[in-house]
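Chain IDs A, B, C and D follow the sequence of writing; residue 1 opens each chain.
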């Protein structure tokens, strides 16, 4: 691939998928901090190319085993490409208070790397949305045929990917970083007393606070005092925040535009965690079809755009969120099967307008239903995490039940999964090969006792 | 309208919109209970027509005032049409354990009643999703021109309605009704201690427990011992539950199919709360374009379908949810502007993977943004409650932030609401007429102090 | 149905489907002429309702016989509702040179008349696009279940209708009428020498010239000198022309807008020939799902709009065509099977960039292919004439072959009609009931000898 | 770009866009003949990559001049990549009578070559669909930003490309080739007497018969007797025919599947003429956005599939056409402006159900209308030739007028091009820069005298 041509895109961040994260031409990073220096510079209007490793930096392999998932080091995610400094045509950098409009001109897998994976973490190692039901490390490998993905581990489905970067964001200012660290620390310290969802998910960390473990800081040399300081302060990349980050919006594909607030000079744009496809919610956590890949981007700087377009929704002017524009190029499906959940949990307990509980129940309902068509529940859990299904908040006001829905496009299956009124189906239900790479769960926590539990 | 023809639909539940609820030909009801007797009977395969009042039974008027909203009696909602007993072609009724497949063949407003309303309840009278920001009773009237709705109170928008019934459900069995009442009572009694969302919404009732006040029970005569007993036990219609009910799924329009569990002999189908259009979440509570209307339905009975297709997700076999099928006939938009929210509330406090908080912030972000284009915040709140916007759970696993998004189709506006990179807009921003019927808020509760608060 | 309410639409042209054309409250007409007087008047901005008979005025029945088709009197089509005079809010009528913007707010079948028919005329009585292959009068009856149509005569298909008026147009001026009559007479007189398509369709009339036979002229009393004069001059309604008319654009459904040129004072809008659904081309001639029905319309007058927006494409300023706007509410299908045709006819003869021949071959290819799935060719011919299939001109420049395509949405079938690579199909091909009402062909003309000919 | 990896696609036909056709690693060809030997071989099931030059082999340049268009050698189009021999997994080749299912997994421009052109040929050099109106050689250059194209020569429009190969086909057998040559020669010899469209397009060749001029035959060495024989017999690539070929179906993009008949052992698949985007009809002839590019394909062999799925539509079993399947991934537009044409030509003469004439008038109407928004007519002609507009055969039975429509998605313009009812537009109409590369027309033929003629 040529690095630069007059009309093509300029490659500003190359990745060699055969090499390890530490061996790449430009250094990666896996934390948010204003002092991680930019490794590349782009001008507004130019189309440039950024390549990226998969979120694990190659730690999760293409082999048919879940051992790599079971022992994955969650402290080193996500390997990001950048930061990229953005200036206008005159070389004047983006400034705090500006908006950075980033258009996704093109994106896809790296040539020769047309594969990805979807996985469930072991319950003791982070788990996922349904970790109390599915505690065992499990993995499915997907192969791509152009726009389509298929998996030997979840036979009978094939779907076009709505490819997108899971993470795209600007660097936080020190002031914003402090806000993040303080509020997440407060949650970590006080959360156990008051939170209900964690009764269900109680082995999952409440927040992922700064940690020097496995910290990678781009050009900053490990072991230096600067590294030590930044590593102590820098925010983890796991949650989405005011700077964008891990927003996991599955429709951010070709032709989309992202309006990111700028907090530091040059904006310091970073991106990573490419997904070939993802369902709304990415429920299995490591749950999109994770892959390495490339983005072709074009930036505009909207001077003072934060004040013009974003209104702080919190105590400081920094409490803002990005805005997104989604374009006309998407796979569109004409028929959907929709599963509903209400905010009553598996124990039968009523919760008050809790959309997270309602969505959990909708996903569990969908898993149970679809598993009737020849799949294990783990297969469906992985599938609903990565196929283009839509998770909706349908009702959020009719106390006490929030109503959430999960809509699954029926065309992704090679059989008709709709309910049939006649007792005799048109054909025997297909028996699928249930062999999916999976590890034993050795933890101590009990698994939810209800009909949907994995068996 | 002829009541029956060989090829047309048979009218089984007529409504005269000029008359009051108590004056209709067939009696209405506003509670769920197995002992409310059916008032009509249909056979599988026949297309039949059900007409319905608006949810308030005409209590909310077409006049340009919000006084009727301010003093609305929330104990009498929702007026439902039915119950309708369903039998198969041989006259054998639907039985507990069956699935009732209800296809929506057609639906719309009643002739001559091509109007509706969207409203915010006063904070002291139920409020809505953002009641701490918008405490004042407010109302907008909408007029329909075929598939389109427009409002003199929210000028500059016009959109096709994705018309649907807010409520469709089967009667619960006594066993299921007891489960509902017990779990909702438990919430009401213990909720205040443990719930976080209610810190924000603390003037809203946690649940709406059975109450004889304004109770309407169809053929059951008021004042009889039977009425007294049922009124004490019957569930309110406000939340969606295992029987369907107030699920507010905005895509249940023409050509959709609903698979409802059957809990009593004959299924006892009821429906009401017609919406000309609604946004995901129906955030203003009385928040769709509420109207009277009609449904043309066709039923199938899937014998033993509950066991075949639904898996209980709780301690009893009754803990199920309906399944829905959505068809190919919808307005589809090519461009969307997407607002994001994370589970950090307006005070800056971090919550753990709370999709309700995240969605609240997404909606607040959207309101603030769109209000820059010549609207008051109340106008936008009402608009986002009733226009065909999509509320998504984008990320529910990246602790501690749930990411919710609200996607607004840009084509509903008569101006381009996308961010512009050039400082000088192509035209002056339209100054809209802010005169919207609204009452004073006389309550004692403080309004949220943040930039998005109503002024 | 109330005729008028404050917010509903005003009924300006009522139809009683139980009565004959001559017995309706307002007189119908079946010709275009400037002197047919208006029977109703509307103002710009008001939503009004026009009801209409089916194109045959009830001549084609709902009985399962094709005898009515075989002996249909083609000289009396199409019964139109109108003319309607349009004025602005001040009562000033539309004037020649204006554009009349007509929005279709709503439309559908008449209550109790939820059925329609699709038919092939006998070759001796008008035939259709493929009359040399299918010379026998044939009819299928369709029933509507809300938005869906199904037919006992073409089992295994069901589709949502994109309902539209086949005919909508303004009255021609005398000058325009003279142009029509002259050019069509010239064709009739000189055509046989030079036209190639008619070698194939040689029993079809080349044009349908004015004729007093079965002429119906609204308020003009039959037998008067005025009637005689108009009947001699008035244009038949069969072809679409500069005034709109029988344009058969299948996407003119709810939310569409039609910009019609105005040739006479008041515009004199007429409409009729309602179609529940139609495929591009309406190949069977009587080929949509023909029905009675209603339109709810709203008009605007764009003063001097013809000059502003239309450019004459011919020797006079009257040689213009209407413009149409199509809205977002349509059934959309995700998968299509596409059949191709090139401008080589069934005898193997090459034609020069002839899109009509190419489309004919595409339709014949589709008929042959789909008939492999358990249908007779006549059934498929009728189906492709009325289902929402798309007829495209794909290539019109690559001499000598025009390439036309016919795209059929696969979701309308209850079986998978795509080619399968494995020899053993997933199930036996369904054997459909071929009993479709059909008459014998008694004509003298030979039927095309090729594999697709009806047998 | 790696040529082969375990999971990526294997590059079987490489192109270096910096080199001339004769300098490529594998030889190209520009004729159809059974004896052009395959240059590569693939197995069913494998994903392979084929690169291709633009149709002119680099003859048309990226420079802002139309001189290259004016003097283009039309006898050398189109440079194709292939033939590719296809075998099954056991190495047994495709055989005559099989169907070759070719899935388009992916496609796009070559890296570094993100540009294309759209052009009008000089009337004396081939012209186009509207050559009598637009006789001058004209060219627009387009640049790609990911999925979007924009042109400095047609400012104010930008649209996502529905990229597709203009040509994909199998080699004809000698028997089929003879049929082609005979029928096209007959047309050439007898056509002038009987054809009407050519009265209008009379400087265009009726057919493009075999010619040794500029003939390129892959591995066959020029000057050998074999070369001479093949060059005399081989069919030109300009029209689409029974083998697929230049079908110019604009929706054959990612995820599509093409079922091609096999006429020779190995199928001998060739492809070329990549289009970044094209409108239905490709009216300007050199009218798509022409570019070099790549395809990633996957083949299946359906043994005896011709008999199973294709029915000959002519005197021999070879008179068949391919079938196509179109997938769910397309840009979809919600609003369209539709222009209509009827089969009356610019002189006012009536033609009988002639869809080509009707489409011509629809295109002319669209050109005139859109040119009111600041464009020259040539700019619009080029635009409608290459943007994703849809050309439909709306009515083909209402004698004497065929009705064709051209639907243009309004979202491709940066201004609202819909008719406005108020006289004062919301802003001044944009004055576009009319500087588009164009040559003088020096021919002798008169240009059509009507209001739409180029000035």
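Convention: a contact is a pair of C-beta atoms (placed from the backbone, for glycine too) under 8 Å apart; a residue touches a chain by one contact, two chains touch by 3 or more.
Predicted, not measured: the structure shown is a model, and the values here were computed from it.
Greatest Cα centroid separation from subunit D: this falls to B. The interface with the greater number of C-beta contacts, when A-D is set against B-D, is A-D. With centres taken as mean Cα positions, subunit D sits 51 Å from subunit B. Per-chain CA centroids place subunit C at a distance of 31 Å from subunit D.
Distance between subunit A and subunit D, defined via averaged C-alpha coordinates, is recorded as 40 Å.
Annotation for subunit D: residues 327-328, 331-335, 411 touch two or more other chains.
If you check the complex, the residues on subunit A that touch subunit B are 99, 101, 128-129, 179, 183-184, 186-187, 191, 194-198, 201, 204-208, 238-242, 246-251, 259, 280-285, 287, 300-303, 305, 308-316, 319-328, 332, 334-342, 344-356, 359, 361-362, 364-365, 368-369, 372, 390-405, 407, 418-421, 423, 450-452.
Only residues 1-2, 5, 7-9, 47, 62, 103-107, 111-115, 143-148, 160, 254-255, 296, 298, 327-333, 411 of subunit B touch subunit C when the two sit together in their complex.
By the touch criterion given at the top, residues 331-335, 411, 426-427 of subunit D touch subunit B in their complex.
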